[in-house]
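One chain, chain A, appears in both complexes that follow, with chain B as partner in the first and chain C in the second.
Now for the complex of A and B:
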């Protein structure tokens, strides 16, 4: 129980404090840090991570996890580029790619909701299946360039800007806002919290658990597709090998570090934004300082570890709060 | 299908085979042609790439497939799909299968060193492709990474050095730090820049060969150094991310980007033509495929008495591609290489 009188150091607040401290430190010591251009660049660089974080948060809040987001993102958008390079009109190609992403989400949801495979295994397997299937049957190459639809509105999605603000930043904001509204205001959103908090109780009070799980994974796949489109149009290519990278751990990290509990039912989109911004500020500052790559990784992990340690000291686990890891 | 049709087909097949046999048999022996064909026919050649599915390995494999078909040797490709462990496993499995030559594409300098020595000790010749390992094996075919980085640095000095009127600030984007490209490349850049103190490295980062990571770093570096003069990138597939960041900043043409790679049309010449890359050093993977075909032919006909005892190198002739030297045919196209051979 949180007391309302005293200021409580929740994990989210600890991360906010660390982020602000880093922000002040970098602003004071680095001459090029505190400029509008750099702050926008900072957010732009983590916007894909943040959007994927939103997808992951939806899965985790509903007491699931989606380890296939990166594979879904890579293969569905790679297919869009390949189709368009082969002469398919870009709007049709987008629809087909979105269809592919949604079917991966649907398959995830079906495995978790109806076959009752734990989400961690179902989505892990599904990510590999989706990558292998699409890579071997639909794609010619690991790396697909954006050629067919270059210099069109499609390319503008990830590389353009509105009033000086990069589109990637605006789209991150939009996706986060829509997800926030859905979680806070709609019935489906409230049901998702109920299901994440206590699936058995939610079910006995009449929440349609199985269709909700289906919806949860389809939504996360759709968001992954959006992230993929932005990523692909910002570097004019998709490297499907990213499906096999460590990116998925970074995504879980920004979600959990921001304060979304892995046990489900807890947290909000604000947590994702906080976690994402912390990584963004840290990496941006270190890049400006030209800290060597290996050292950057060490510092990043130490600060994240520090945040978790501070949280364990400030908010000790007890019987009620220690039921984490039940994913 | 009825019996009559089958018989007709069979007769036709036999007839055709006989015809081919007759044509082949007509070639007179010039003293070497039959002997060399016999030396290669039925031999076993094995290839362990870092992964299939990207331009370099696909081009090399296309060359080997072409020869396997025309010369009648057996080709095995074990694809570890970017996993160093799976690659090492495939390699040691191949050693026990005793092929006549093993072609490897080492992901890191150290990863396959022991296995190359082991294969040689078992009497199997080893060809290493493009990335130099600590053990030489019998033949190395590939780029001289030091030389590439020297050429890249010289190109950037031309754009940013004395007399250019630019700031002289440059940034370096490495790939994976344990890779020979980075290890020898960064030494070459630093050594070359010693003679050009007016050119300074203001950022030296690594992006894991990932265009998105390279993009993120380049966006930050361009914001933090508004007077940046140029980037040195270490692989075209990653460097498109830097190019996108330069384009976003509206600085295409002002900020130089010197890249390198295997020289396929989509990654290299197209990017030079559209101004993404100002200079491109190509190690022409199509030419390497041809070198590999010839090295395999040579080893199959003339197996080293003691594999691994005397290694030799076929460093790839490099091509410098700029807008001025981007002639038709400076690059190659993977579909064509697959279809018609290197």
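Now for the complex of A and C:
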């Protein structure tokens, strides 16, 4: 136990060191990296990734995964904008959008907990279904603009700032803090770790596994909705086709590279923050260097691959310990 | 009246077939097949012209490519993994082919080899990462999906214009692109060939079995010494190669390298594989399932395009199909065993005749006495399950045990014992042939001959398969008792084809007639079923005319006689119709009669239950097995009958402690040896007035009666 804790700390420290090294490297070599505007933009850009990372971390800690976070985020908030553009009051629209997001989370949880479909497939297919359902039946277009509720408190959520700090960053901090408290202090949080560590043992000791899985995916959908609201109000629009992009892999990258074990039960919100910072610095630097998008994808994928390899070495699975059907 | 209806109902409706079908492996294909029919019905109604020859043949080239990709996905899934990179490999192969043919003008066969090698290389990377480094298949292949896709996008960005330029076409290229073989496009012919080869590979060859073993249980495969890591890695290499092959055909057909080539193909392939019934997590699936799934998904996705749904509509439908397919798969896998155990036991109607009187002072030939009270006990506590003891010429006593041995107690006092031979199954009925070999029915294995040198030879373990049996009844599950005809033919009973030895009592709840009598002819080595549909045929004993044998039907409570030679050849008739108990083994007696063991006595309650199949069915479904109503097997006796079926003697043990359940008795030199399949002893009873020189082998030689 002690050695593994020390090891996780080591991985986290390595990531911090790499982040700092990248930061120093970019500051020294790229003329417009270390400017106040760029640093602010950097943090603002990664806060949404970070919030989604928190959602993903909750799912992964409970030995699941939520590949539908991006779809949930995009379609629920797109619907909010569409409703508000159609004249629905913004607070009601937000409630309806939140309801949509929670329903998607509930459906995920139901499929995983009660139908017992592997989380990776349930959420993958659910993302497709959610996108298809909302896009074909509820939305007029792929790109929904924020028109109905512009210049209101709603738009301020993502674009405003408090004491010079962008709201997005503050909200990232808030979400992270709340999630951290939930994981560390509440019974549900401790049960989540127990379930992720060994679901069978957790069930034997009386942890209500199935309701907990429901809660896990509902929470992750709710956090995705918050991220969506921030993203939409910061650029005044939602592009629903993001649901079919590679963004979800960036989120997994953030979570895994920070040190949250994919086999469940390991890691904390701090790992997500560390991972977010590293990816933020990396992507920002590559963008300034004008690295093509596809090449950026390759670099990020290679880093993710490296992170998974390190993860599998630190949390080894072999023929004796691996679970059947665990892919 | 009501009983007549019940009888007709159970005679006409074959209830047992449902359980037998559910127990079949091919039943897994039923669900995807029904889905296919539903799909065709629904879409055929929605889209006019979909199901015409023209509508379907338009899909043929695409079908070939898709089938290759789905096969790629399937083989990885069978090995317990998943390969999401198939779509990207498809695109990579497409681009490589077009670049080498159109841009560089290389010869086609070389180009194909290079494209296949590219696919295999990506597969190798996946295989090393997932197989040897033990990474998670889903995330790893997702990463290779993105990397390969990005590489292809970059290549297309750089060379799109040059690649698109058509160059002089070669004969081979034209053949692949446009020609039809047997009315099918070349790609489909190749894909079907690959499918057939894949089927043979997976079902008949060792590496294919190893893939299924690894997918079915990685841990067991590892512990059994299979090369788990190499096997897993190999599935990814095969997968990459197949996806690349599909890409080559796509290139030849469309001659275009767009950035959307193969996008989303992995989800389609996954959907097809799962809809077809291949299990996520591996070990269960087949090429045929992949084929079914491909057809379904191909038709659905093409129909969705033709239905011109609003944007996102086809995502919705495909996602729902995937979810429904996985949900059915998961639930089917989990509940099939449960359903099977509920419906497999299917009782039927049977009415037994009136049970004869057994009262102690009655005039009945079965009247209870206490003559077995003081039998001598042999091997008490040293032997488990001596179904049918037998003695050799020297008077040594042989008996099978539940542990799979044949134990020999040495004459004259039977205090010393040794393991004569180890068979591996439970040896039941026994007989000595003329050469002094011990022939025995071994439950679960078949008929074996054991020479005096203790060498066991398998005589027969399968017979002809009956035409209309759902169960493959060619293998023997419960060979029970045997006897040897004067010409050397061995006739033996198989008690039931539906249950194993451990569940033999459950067969009583069915009372259907699941058993049969089989003959093995050592002269030709052939095995044929002689009589089938018997109610637990058990003991067999040759009659003294050399043309017939007596056999007992345990659940039928009757003794019959079958003629295998002579004027009545091929017929059988009942000799004793209604016994008071359940007959087991039959053996010759020294006075010209036949000993018969009654393994248990009939009870009015169970006799009545036999006439109420619905009651027994409900009992099996709702009550735990240890509370089921079974025939009474706690108290039995030995009777003697003559050729006409008249009962001439009867031996009881009133206390029922020494031999609560007698399955066999064997007379030898004035003693009667008693065995019981669940006893821990062999009994020995001195028969008053019996010929002290009489042995069974002398009787069979004709020297004695």
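Definition applied: the second predicted complex is superposed on the first by the 264 of 327 C-alpha atoms of A that agree within 3 Å, B and C clash if a C-alpha of one lies under 4 Å from a C-alpha of the other, contacts with A are read in each partner's own complex, and residues count from 1 in each chain.
We adopt the following convention: a contact is a pair of C-beta atoms (placed from the backbone, for glycine too) under 8 Å apart; a residue touches a chain by one contact, two chains touch by 3 or more.
The model shown is predicted, which means the values in this text are computed figures rather than measured ones.
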Task: Considering only the touch criterion stated at the top, classify A:16 as touching first (chain B), second (chain C), both, or neither.
output: neither
- prompt: For A:252, is the partner it touches chain B (first), chain C (second), both, or none of the two (neither)?
  reply: second
Message: Is A:234 touching anything from chain B or chain C once the two structures are fitted on A? First, second, both or neither.
response: first
Message: Quick one: is A:294 in contact with chain B, with chain C, with both, or with neither? Answer first, second, both or neither.
response: both
Query: In the superposed arrangement, does chain B or chain C reach more residues of chain A?
result: C
Chain B versus chain C as contact partner of A:170, first or second or both or neither: neither
Message: Looking at A:96 after the superposition, I want to know if it touches chain B, chain C, both of them or none. Which is it: first, second, both, neither?
response: neither
Message: On the A-aligned overlay, A:37 touches which partner chain: chain B = first, chain C = second, or both, or neither?
response: first
- request: Identify the partner contact of A:142: answer first if only chain B is touched, second if only chain C is, both if each is, neither if none is.
  value: both
- line: On chain A, the footprints of chain B and chain C overlap at residues 135, 142, 292, 294
Message: List the residues on chain C that touch chain A in their complex, please.
response: 80-82, 129, 133-140, 142-143, 146-147, 149-151, 153-154, 157, 217-219, 221-223, 228, 267, 280-282, 309-320, 322-323, 326-327, 330-331, 334
Message: Which residues of chain A touch chain B once you look at their complex with the stated criterion?
response: 30, 32-33, 35, 37-38, 41-42, 44-45, 48, 135, 141-143, 145, 147, 159, 161, 166, 231, 234-237, 239, 241-242, 244-245, 283-284, 287-288, 290, 292-294
Message: Touching residues of chain B toward chain A in the complex: what are they?
response: 51, 53-55, 58, 81-82, 174, 177, 202-206, 208, 210-212, 214-217, 219-221, 223-225, 237, 240-241, 243-244, 247-248, 266-267, 270, 334
- line: Per the touch rule, the chain A residues reaching chain C in their complex are 111, 115-118, 120-122, 124-129, 131-137, 139, 142, 246, 249, 252, 262, 292, 294-295, 297-298, 301-302, 304-305, 308-309, 312, 316-320, 322, 324-327
